[in-house]
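Dropping the structure in here first, questions after.
By written order: A, B, C, D and E. Residues from 1 in each chain.
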Amino acid sequence: MAEVSRFSVSWAVLMKDLRIERRSRVMINQIIPFSALVMVLFAFALDATNILTRVAPGLIWLAVLFSMIVIVQRGFAVESSDGALEALQAAGVDPSAVFWGKWAALVVQLTVIEVLLVGAAVLLYGVEIRAIGLVLLVTTAISATCGLAAVGTIYGGLAAGVSGRETLLPLLVLPVASPVLIGATRAVEAALGTGGTTISEGWPWLGLLSVFAVTFGVAGSFAFGPLIEE
Amino acid sequence: MNSSPTSATESVIDIQGLVVVLGGYPALAGADLCVARGEIVLLSGPNGAGKTTLLRACAGMVRPVRGSGQVLGFDLIAEREAIRSGVGMVGHRNGLYTDLTVEENLRFWGAMSGADSDEVAAAASAMEVDGRLASVPVGRLSAGQRRRTALAVLVVRRASLWLLDEPHTGLDAAGRDQLDDLLRRATLSGATVLFSSHEADRAARLATRSVRVEAGRVEVGDG
Amino acid sequence: MTTITPQTIQAPRHRGTGTRATRVVGIATIIMIGWLAVFGLVISPADRDQGDSVRIMYVHVPSVWLAYLAFIVTAVCSAIHLIGKRHSLGVDRVAGASAEIGVVFMAVTLVTGMLWGRITWGVYWQWDARLTTTALLFVSYIGYLAVRGLEGTREQRARRSAVIGLLVVLEIPLVHWSVRLWRSLHQEATVLGTDLDVSLDGLMLFSLFVGVVAFTLLFIWLVLHRSRTLTMIDLSGDRDLDAALASRRAEGGADRV
Amino acid sequence: MAEVSRFSVSWAVLMKDLRIERRSRVMINQIIPFSALVMVLFAFALDATNILTRVAPGLIWLAVLFSMIVIVQRGFAVESSDGALEALQAAGVDPSAVFWGKWAALVVQLTVIEVLLVGAAVLLYGVEIRAIGLVLLVTTAISATCGLAAVGTIYGGLAAGVSGRETLLPLLVLPVASPVLIGATRAVEAALGTGGTTISEGWPWLGLLSVFAVTFGVAGSFAFGPLIEE
Amino acid sequence: MNSSPTSATESVIDIQGLVVVLGGYPALAGADLCVARGEIVLLSGPNGAGKTTLLRACAGMVRPVRGSGQVLGFDLIAEREAIRSGVGMVGHRNGLYTDLTVEENLRFWGAMSGADSDEVAAAASAMEVDGRLASVPVGRLSAGQRRRTALAVLVVRRASLWLLDEPHTGLDAAGRDQLDDLLRRATLSGATVLFSSHEADRAARLATRSVRVEAGRVEVGDG
């Protein structure tokens, strides 16, 4: 498909994913309730409100992580159920273009989740957001999301082909994604001033997150082809 | 895909001694095949002979452990990407998005292969998945209607080599005829077709030449 | 046009995975480990505030460093496999062998560390940055091995695991600098932060050095053998292939009508 | 199939599941590392050693819950990938027999996970198990497992048919299972004497768990047919 | 299944005005069908006519919104369970466990339907999935070999009414013949067969009678 630009391929993949999403309503009907539920469960499992506000940032990102795994499973089940991903591959469609398309779709979905989870944290855990922390909070969310989406897409593609998909994905994603979990948690703590942390403490972590995002973005863009290759 | 070097050479597929191992089993045990441009070649043979594997190998979808070959003038091992973008393959699975409608699937593939909406519409009507069906999610189609959609996608792809694994499966009488002259027309415009089938008589009518696959090897039969 | 001749694996001259080289390395390893025992358990002094428990260090620290080395070797081999024109399966086998051994070393680190922790902190585990990151690194490579275990062709296995191998190795710096990271970024002083500055006198340092050398030899010895074993497994696979090809061609009548 | 006893059907299903498990090695290679990982992540998200021992019981059960979801997804992916479950249904095989078969297989797998997770908790969270608490601990584990397995099997069967399986299952299981989460947590706390609780406080919770297990066992045995029904 | 009331009445399938709605679309729009014991009836018709839906309805797998009927002498709506245990169905999907070997799949179904290992072995050899294939995981079989396994499972089931949706799909020439006399033998021992196919001529040779499905209704044609 020499004549088709890489961007338009990515764009088509992104639009396709979002359309499937809009049609199946999985996001609204299932994933959002699920992630809200995870938050509630954490609250139950700990059920000591005093510590909840302190650990809230960690829990938010943990919930994001679990939600992402579910989203990725879904996003690649769509691809592999009738062999669509294989068809793309057989048609010689540029894998890295496909990667960026799937990546973008995942970013969109994660962003929605995060906004809602932060809201939930405010309500359930009584977290307060300070105005000065806002910039840090947003930039953190953005770079963390980009990184997570890259990891999710890479391993989603890998797992899409194999049989034990359901179980392999979480095993691969969680450890690699946990640096993001850690970094984002610290940064958000700084943004929220949890436990008397100051904003300034947040920025270095943000740096870590950005490095992570860039690394895995580049890696995915190159590795996606070999990964889904038979 | 007129850019492909085949305009120089005549043979679109030319493989020697291909050995493909799947899960430790030699699905192909030294297959030789040579197909010239414009041919419609039938792969016949018993279940488990290696037809699907041979087609996938020609599409650059499985990597041989031995042997060599050229497809569309590109090297089978070194230039898989180039081969793939010139090849259109329909396997046992349809490779469609069941949540999307027929039209959306075709549009998607149009975007993938730079076909405009007219070509898409033409492809849909060629396999008769236009009209009511166009707006039905593929997941709600009957088996044959899905197969028709998959073949329409193939038309959208405008490939120069068509590799079809039992393409007539699930198609009704009319659909089979439509497929047949679709393929004939494709070959007239320079494409080449390699397909497998178990319906000896009907397939023989379509094919310009037929080869028999047996126990992982190709035995040239009478066309 | 490129013809695939079966990737030529030169079979070892004699049976088994041993050669003169490996035997030399093996003997050297045994000697060095003997030394390590002598230095670690007898000659080197007990620590001021940690007592004899400090002797765990002579296993704990070398094993971590060798685990690091093993994972780096895996990463390098993975890179060579992906970039190299031949996409050699040989380096892939080395990568696999090295990863397996690295996981073992990592396990040793965890166990010795936990024992050491039990003695010095009174608990097996502290929720401190380095320990957690170490655990994550450990699991990451279990995942790597799981990917190697997936079904598929050898090339598929090599390609997939090479990518993973290159991704997970990035966690090593995170583990290594975790203490500093957290100290500089995080207010709470970490446990290892206080515990790590064991005052190493010359003899301790030397014993540690002996340990590192011994473990390095052990690592080399193990990698040589393990990768040769993997080679032979693939080799036998190829021998089987010839037999399988013969029987496959013979099929026709037998298996079918 | 009048002449086939219900038990032998269940037995065949159980054996079939265990054989698939033995062959694919998913349990050892993927699920067990995963659940261990969940423990580590929780601990790190909280990362305040003092509270860990206190919340350990909750985290154990949370980890069990997440592992179960993964196991169930896998267990029913096997059934629905090529329409095997539908085939059983079309053959008029007694659905409740199938239910008990799948249930038993899930119980076996969960038990393995739990034993390991408790072991991990002892090592990682510094939990101590008192001899006197042992009876309560074991009985709790048993009844909780039976209950969870019942819930997992019911919803696994429900989700097996529909398309958005990956996402639907956790959404359905988590809320219903949370009573078990709470009950089991309290009971285990009592067994371990976490936060100075006494054994006696545990028994009522154990009662709750048993009631739950029986309820959902019975419910599943009756409802499974209608649930997987078209 | 000699226990089934059909020993009294002659008609194994007897449905009137069946209407089945799938996803808001009337896949069946008032289908009438009457099949006597021992018949081999062919369902022909274009793609999307409703053949699969009709077969699934007869198997009690989809619930009609209108119409009534009896299958094996049991009421189609009230006694689905009874019907199902007497019916053997093979649809577009095979319903096998891909992680298990052919033999393990057959054994499993043997346990489900109380068939002993001899019957299982017999079924395997009837569809030629014994020998080497017996110990191969179904996931590693070729399309036709899977189909053979699915049909062998059907034999193990010893159903008294066989509902087959395009059963010849993917089978090679030999397999088609094996299937045909398998079905003939089954009918001799009191079974009844209703199958769909798009291969008019070949199917006609097998069938004792053929009916045409068109636009969700059955038009009785000439057998």
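Note that a residue touches a chain if its C-beta (ideal position, glycine included) is under 8 Å from a C-beta of that chain, and two chains touch if they have at least 3 such contacts.
These figures come from a predicted structure and were not determined experimentally.
Student: In the chain contact graph, what is the shortest path length, in steps, from chain B to chain C?
Tutor: Minimum number of steps from chain B to chain C: 1.
Student: Once you count every C-beta pair in contact for both, which comes out on top, C-D or A-C?
Tutor: Pair with the higher count of C-beta contacts: A-C.
Student: Between chain A and chain C, what is the separation of their C-alpha centroids in Å?
Tutor: 31
Student: Taking each chain's centre as its mean C-alpha position, how far apart are chain D and chain E in Å?
Tutor: 37
Student: Could you please state the distance in Å, as a whole number, between where the Cα atoms of chain C are centred and where those of chain E are centred?
Tutor: 56
Student: Quick one: report the Å distance separating chain A from chain D, using the average Cα coordinate of each chain.
Tutor: Spacing between the chain centres: roughly 27 Å.
Student: What positions in chain C touch 2 or more of the other chains?
Tutor: 136, 139, 142-143, 146, 151, 153, 255-257
Student: Identify all positions of chain E at which a residue touches two or more other chains, and write them in rising order.
Tutor: Residues 98-99, 133, 174 of chain E each touch two or more of the other chains.
Student: Going through chain D residue by residue, note those that touch at least 2 other chains and give them in order.
Tutor: 24, 30, 33, 37, 44, 46-48, 163
Student: Using the touch definition from the top, list the residues of chain D that touch chain E in their complex.
Tutor: Against chain E, chain D makes touches at 1-4, 8-9, 11-12, 16, 19-20, 23-24, 78, 81-84, 86-93, 230.
Student: Would you mind writing out the residues of chain E in touch with chain B in their complex?
Tutor: 22-23, 25, 45-48, 52, 92, 133, 140-145, 147-148, 166, 169-176, 198-200, 202
Student: Show which residues of chain C lie in contact with chain A when the two form their complex.
Tutor: Its residues touching chain A are 82, 136-137, 139-140, 142-143, 146-147, 150-153, 156, 159-160, 162-164, 166-168, 170-171, 174, 184-187.
Student: Help me check something: in the complex, which residues belonging to chain B touch chain A?
Tutor: That would be residues 3, 59, 61-63, 81-89, 91, 93-100, 104, 108-109, 111-114, 137, 157 of chain B.
Student: Would you tell me which residues of chain C are touching chain B in their complex?
Tutor: Within the complex, chain C touches chain B at residues 1-6, 151, 153, 155, 237, 240-241, 244-245, 248-252, 255-257.
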